[in-house]
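Sharing a structure, written as structure tokens. Questions coming.
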Amino acid sequence: MSNASEVLPKLDSELEWQRALYKDLHRHPELSMEEHRTAGIVERRLREFGYDVQRLGGTGVVGILANGSGSANGSGSTVLARADIDALPVTEATGLEYASTVDGVMHACGHDMHAVALLGAAKLLADHRDAWSGTYAAVFQPGEETAAGARAMIADGLAAKVPKPDVAFAQHVMPQEAGTIGTTPGPVLSAGDSLKITVHGQGAHGSMPHLSIDPVVLAASIVTRLQAIVSREVQPGQFAVVTVGAINAGTKSNIIPDSAELLLNLRTYDPDLRKRVMASIERIVRGECAAAGSPRDPQFDYYDQFPLTSNDPAVTERVTAAFTGHFGEHAVFRVAPVTASEDFSELPDALGCPYTYWTVGSVNPERYRKAVASGTVLQDIPANHSPAFAPVIDPTLGIATSAHVLAALAYLSKQATNEVAP
Amino acid sequence: MSNASEVLPKLDSELEWQRALYKDLHRHPELSMEEHRTAGIVERRLREFGYDVQRLGGTGVVGILANGSGSANGSGSTVLARADIDALPVTEATGLEYASTVDGVMHACGHDMHAVALLGAAKLLADHRDAWSGTYAAVFQPGEETAAGARAMIADGLAAKVPKPDVAFAQHVMPQEAGTIGTTPGPVLSAGDSLKITVHGQGAHGSMPHLSIDPVVLAASIVTRLQAIVSREVQPGQFAVVTVGAINAGTKSNIIPDSAELLLNLRTYDPDLRKRVMASIERIVRGECAAAGSPRDPQFDYYDQFPLTSNDPAVTERVTAAFTGHFGEHAVFRVAPVTASEDFSELPDALGCPYTYWTVGSVNPERYRKAVASGTVLQDIPANHSPAFAPVIDPTLGIATSAHVLAALAYLSKQATNEVAP
Amino acid sequence: MSNASEVLPKLDSELEWQRALYKDLHRHPELSMEEHRTAGIVERRLREFGYDVQRLGGTGVVGILANGSGSANGSGSTVLARADIDALPVTEATGLEYASTVDGVMHACGHDMHAVALLGAAKLLADHRDAWSGTYAAVFQPGEETAAGARAMIADGLAAKVPKPDVAFAQHVMPQEAGTIGTTPGPVLSAGDSLKITVHGQGAHGSMPHLSIDPVVLAASIVTRLQAIVSREVQPGQFAVVTVGAINAGTKSNIIPDSAELLLNLRTYDPDLRKRVMASIERIVRGECAAAGSPRDPQFDYYDQFPLTSNDPAVTERVTAAFTGHFGEHAVFRVAPVTASEDFSELPDALGCPYTYWTVGSVNPERYRKAVASGTVLQDIPANHSPAFAPVIDPTLGIATSAHVLAALAYLSKQATNEVAP
Amino acid sequence: MSNASEVLPKLDSELEWQRALYKDLHRHPELSMEEHRTAGIVERRLREFGYDVQRLGGTGVVGILANGSGSANGSGSTVLARADIDALPVTEATGLEYASTVDGVMHACGHDMHAVALLGAAKLLADHRDAWSGTYAAVFQPGEETAAGARAMIADGLAAKVPKPDVAFAQHVMPQEAGTIGTTPGPVLSAGDSLKITVHGQGAHGSMPHLSIDPVVLAASIVTRLQAIVSREVQPGQFAVVTVGAINAGTKSNIIPDSAELLLNLRTYDPDLRKRVMASIERIVRGECAAAGSPRDPQFDYYDQFPLTSNDPAVTERVTAAFTGHFGEHAVFRVAPVTASEDFSELPDALGCPYTYWTVGSVNPERYRKAVASGTVLQDIPANHSPAFAPVIDPTLGIATSAHVLAALAYLSKQATNEVAP
């Protein structure tokens, strides 16, 4: 990986603007599919770096750099690297000097870090074209949190506008020790499905329950009863999550409402189990509605459905080797499959290429080790989506930038054997 | 009751403007303590009728008519009659030609009928001063639905601005046969208490329940567990209602929220039981929070607390006799205590006078009898607070207007023995 | 009631053997329909008193005393007085010197007191035949606790063997102040229905829940869900009880059983509500079985079904007057309907006569008043069926004996107008 | 493994008596620690085979065969092989010709197969002493199902009476294809803990719930609430089972009982998680008792606590190689950790030697493959502890017998390198 050794020493000079841009994006988070300011910044920077830039899917940005004989026009490899850019409807509680200035919106999942790291890698690769050949496609994807963004870019003609990649990459900051990178072949992120359930009762004055069919009691029974899917129906040790993220019914204490709404989130690694869990949810909801004497059938509306993310073993092996070569054995570990979901894999699936997805540590190492030693990681380290989620900028940003460079060069380096994993 | 026979035959000529005003108020409902338009109309009319009018408690209106030797300045009796005037945050679904024109607000409890009937009685009494003597205080009270209005009028100096009444009256339209009036001595409306409960969990990404303390599961457990208060802790046959009118937690399927909120409504006739039910609720909520490992104490905020309404037996007997004399035995029945609550009794309690409160039928008689015959009253007749609640204007409005006249004359008629019940 | 004044002064001389017999019966309780020893004692005593005695329904005993011109053969009235005699499967925990000597069986409902009081009344009436005329039928009924005894006596030909009574009486000791008697016209005891519910799951090793359909979780859901019948479906203040007295499933921690069994007890005063509650129970159980994916329909087996006990107003008025005349106004109160059930009313219903049923206080007055004053009656005074239920012998036994004499003489006294209430 | 090829061809001649003995033991199952008949048969047979036999722990039997220079007296290896011998309180429903003749007791876990297989191996090794040298200890352990047997043998002096083994073996028939053997290094059986929970209410007559604190509702709430441990508190995909195998409260429909009893079974692979699950159970039970107003602290009695069974990797590798050499690659597979528990590992842990534990298929291959093809293994193949559990005798018995011979010879064969795994 001698090419990396040409490119990466220049990282330090980039980190200065990267840190400033990270704080700027963190201060100005934008909800899914509304990342107008962010997309504008990304677009401008990519053009400055020399990329051929286009918008896709509204607030998605693709920058393409064709470099030399190995470029898209020639016979070389094409690498696609993707960063997501959207924020969450969370009220920030980090107390950071660069905390969100937008009420109720926060970069609580680190996508600001992903965006700035990929911009940094894009600039390093553009500045050191002599170290590699081929085509580099930097994809800044909107709407990851709602599973809308990858689909929007595909629907807007991604396949026609980007040369077919040989391999695709994405990464995510995680509550692990900063300075470390986690990789794994096979399933790394679960399939995720969201489900809105509406159940019907019959409203009445709060003092006349006998004139009502109480949808609050019905909804509570459903939430309680759903717990038995994971506890009793899923084989012990098999991965499945059934979360009721929201329950909402009624607005006044003395009016029994007509209906109740539940928002569920499911996570599975196994497609058969996924279907069985969905069937169990529907069976339980229908049974509880029958028990309640509900006057109308419940409604089931699935949305925000994320695919399984399963890393290609050969790609993962080559990228892991590149990481280990640069960061050292101690810094690269085999990460356990993560329970979260992503829509990243829809891009390579649509483009027909293998991919790998890795995790980047973002917690102060001293703090992390202390929490490990006292067995309080879960309590002490705010996880993604928490109002207190706060990646340390250093060394996280540098590592994440380097990781994209290393992965790209593993396929684009002039020395690299340009055989792509089957 | 010969004086009634002088006054009431004139009713028909009033009903025309009353019907128009009723439809107008129904089209323009106003939420509690925001009854600006309604109060303006009431104020203007009372002045036209010759009343001495003042505002009290913001949107409350008091009209006073002192009449002859028996007036407040003389030795006669003083009668206070009260109508409530506020509407509810309900979206009307009656399909009426004069349905609400205000999104999400509706006169779903008939207060528009109360207001127009009292205005009509006030006019009839003003137009026929020769038939009675004494003082008539027509009180149009705001904010009944939130238990804020009576308190606001009292706080604004009601006792100083109104002569001390000898007796007070209020009425309410109910889903009973139009043409009938219900009276009862003793408890007629329950005490009502609203309670906001906030319980705390620990938020996390929806795919990582083990990092959370799930407040949705906690809130559902509480709702479920609360049912056992009425089913197991209250003596069978004793009146108590514990309604969870609203449960709200979370906004997204894949974010486990930090907390959940429940809005409860309690109804009791017995003050000791009221205290025991409150204690049971708090005990259950604390126990469930302990079971869940909740990181913070739950919060209990009581609001919208309505007193017990318990009719004075002697007043009720005299007024019932007046009703029976005019409407006939068949039209006046002993009404069972109603499960709803009112803040009316705060006014006579603050002014130190006895009171009675009666119910007025508002359902088309044919429709009502059909529902009774088929045993489907509860299903077929929309009750107060229902989006489909729709009193028939005739004969409801005329009966309600007459009832106020009759009750007033029972104490103010020149022939009446001006002894007030002890 | 001058005849009572002839008979009752002799009570003191009877109480000595009555107290001894009460302790003897209390020491030797017998379960429903197995009251062989008790029936033998009763039979022997009645013969000694001069009654014509026969067995009916196995362990039921009827003693008949025809007295003078007013006897069954003449034109006089016939009074039927009934005492129940069975005990309960409860392990006594009173610590009394005369506690049960039978493991797991106890007179925890005071039927021993009933039996001895009726024997005492029977003797007093037999010893003072000159004070009355007519026919007295003393009925000692087995199996009240299981609703089997009255039916057994009727099936064994009660109507043919007893002269048609003009009126029937029964009484019950209650946790009220000893020295007091409670009477009420109309409903005094609820209808009672027992119901065995069997729900089916699928057994498996406890470590393999995914191979099971867990009937323990199903049964728990049902118990929890049933609470909402009384809390939400019954009109507030209307009397209804749904008790799950037993839940049983499984025998080992590590074997998930195939099925679960629930034993329910329902109490109602209103026949329509009774049917609605039954329908709601079945609806909830079927809904929960559907939610659980239960492989077989649940089974519903009704048993121990007790009728409503509703006192005849005229009979009650006459008997209450007799009580008040003897014990004084202070000692006789209007008792609220009791939530328990009885099969007594099946006897007068089968024989076609009106009846009244009264309650007899059995708690030390000082203790009772102290508990009332501190608001701890419910906690401090063990109720019927409690392992600690312990009527005080005096004055309970004397009052209960006198009550039967007084009620009988109200209809049989020579001075009594022998008109029976319609 | 040439020695195996000397010994195993003789298997067929043994299988005749083995099949008969298997049917005999199956017909006469004996509950844990009451295996008197079984132990007597085992003892007699071992003596016939030439073993030095002793009883240990009541119904435990140890047979020792010291063979040649490698025997316990010399420098050779010692192998301990263990079979469990107890049956379960299950009513057999197999319809087999040789079904249990003991009401409510059944060999529903295949221990009869284990016993007969080990007896067969013991005889083969005794009959072919020239093929091996060292010491063979055949241990027939009582009371596996209650975790009492291994402890009883250790308490009775196992360590003093048996030469210290170099390695220990045990096997178990499983619902997998007959003819196959499953092995795995590391955790193969979970830790298992049983827990009796007693919660207290306050009894009352079933018609007076307000005088009670209902332990049935309390117990149901606990069962329901416990489901959230696995569904919400355990990391998705981590192995944990919380089964409520039994819930028992009350005996009559109309008596609210004083208390309720739950029997729980926990399974875990991770000792930290095991402690956390226990703490969560206790927290939930205490919280629910507080919510119910329970008058006394709940009681927690742990029993039947089984250790983790974690196979030594080196031992497992050597034994797996022996199996593969004899049965072929196709017949030996890596078995997934089983969710059940065992007390076998207490023996090697007490004796200080490594061990391995393997599984033996017991389902007719055609039936098994059909079920796999139709995806109905779970429904169609009765698992251990099921009333329908019925291993096919052939080839199960022969395979299980051979497996013990092969494992023994892997350490005792004259050709074997007598190095034992560290």
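For reference, chains read A, B, C and D in written order, and residue numbers begin at 1 within each chain.
Please note the rule applied: a contact is a pair of C-beta atoms (placed from the backbone, for glycine too) under 8 Å apart; a residue touches a chain by one contact, two chains touch by 3 or more.
All of these numbers come straight from a predicted model, not from anything done at the bench.
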item: Fraction-based call for chain D against chain C, same above half, different below; value: same
item: Matching chain pair for A-D (criterion: over half of the contact pairs shared, by residue number), options B-C, A-B or C-D; value: B-C
item: Most remote chain, CA-based centroid, reference being chain A; value: C
item: For chain B paired with chain C, centre-to-centre distance based on mean C-alpha positions, whole Å; value: 44
item: Separation of chain C from chain D, taking each centre as the mean of its C-alpha atoms, in whole Å; value: 53
item: For chain B paired with chain D, centre-to-centre distance based on mean C-alpha positions, whole Å; value: 69
item: Of all residues in chain D, the ones touching two or more other chains; value: 207-210, 214, 217, 221, 224, 227-228, 231-232, 235-236, 238, 241, 267, 339
item: Chain C - residues contacting chain B, complex; value: 224, 226-232, 235-242, 267, 269, 337, 339, 375
item: Residues on chain A engaged by chain C in the complex (per definition of touch); value: 207-210, 212, 214, 217, 221, 224-225, 228, 231-236, 238, 280, 283-284, 286-293
item: In the complex, chain A residues that touch chain B; value: 88-90, 190, 192, 194-196, 203-211, 214, 216-217, 219-224, 227, 241, 243-257, 260, 263-265, 267, 304, 338-341, 378, 383-387
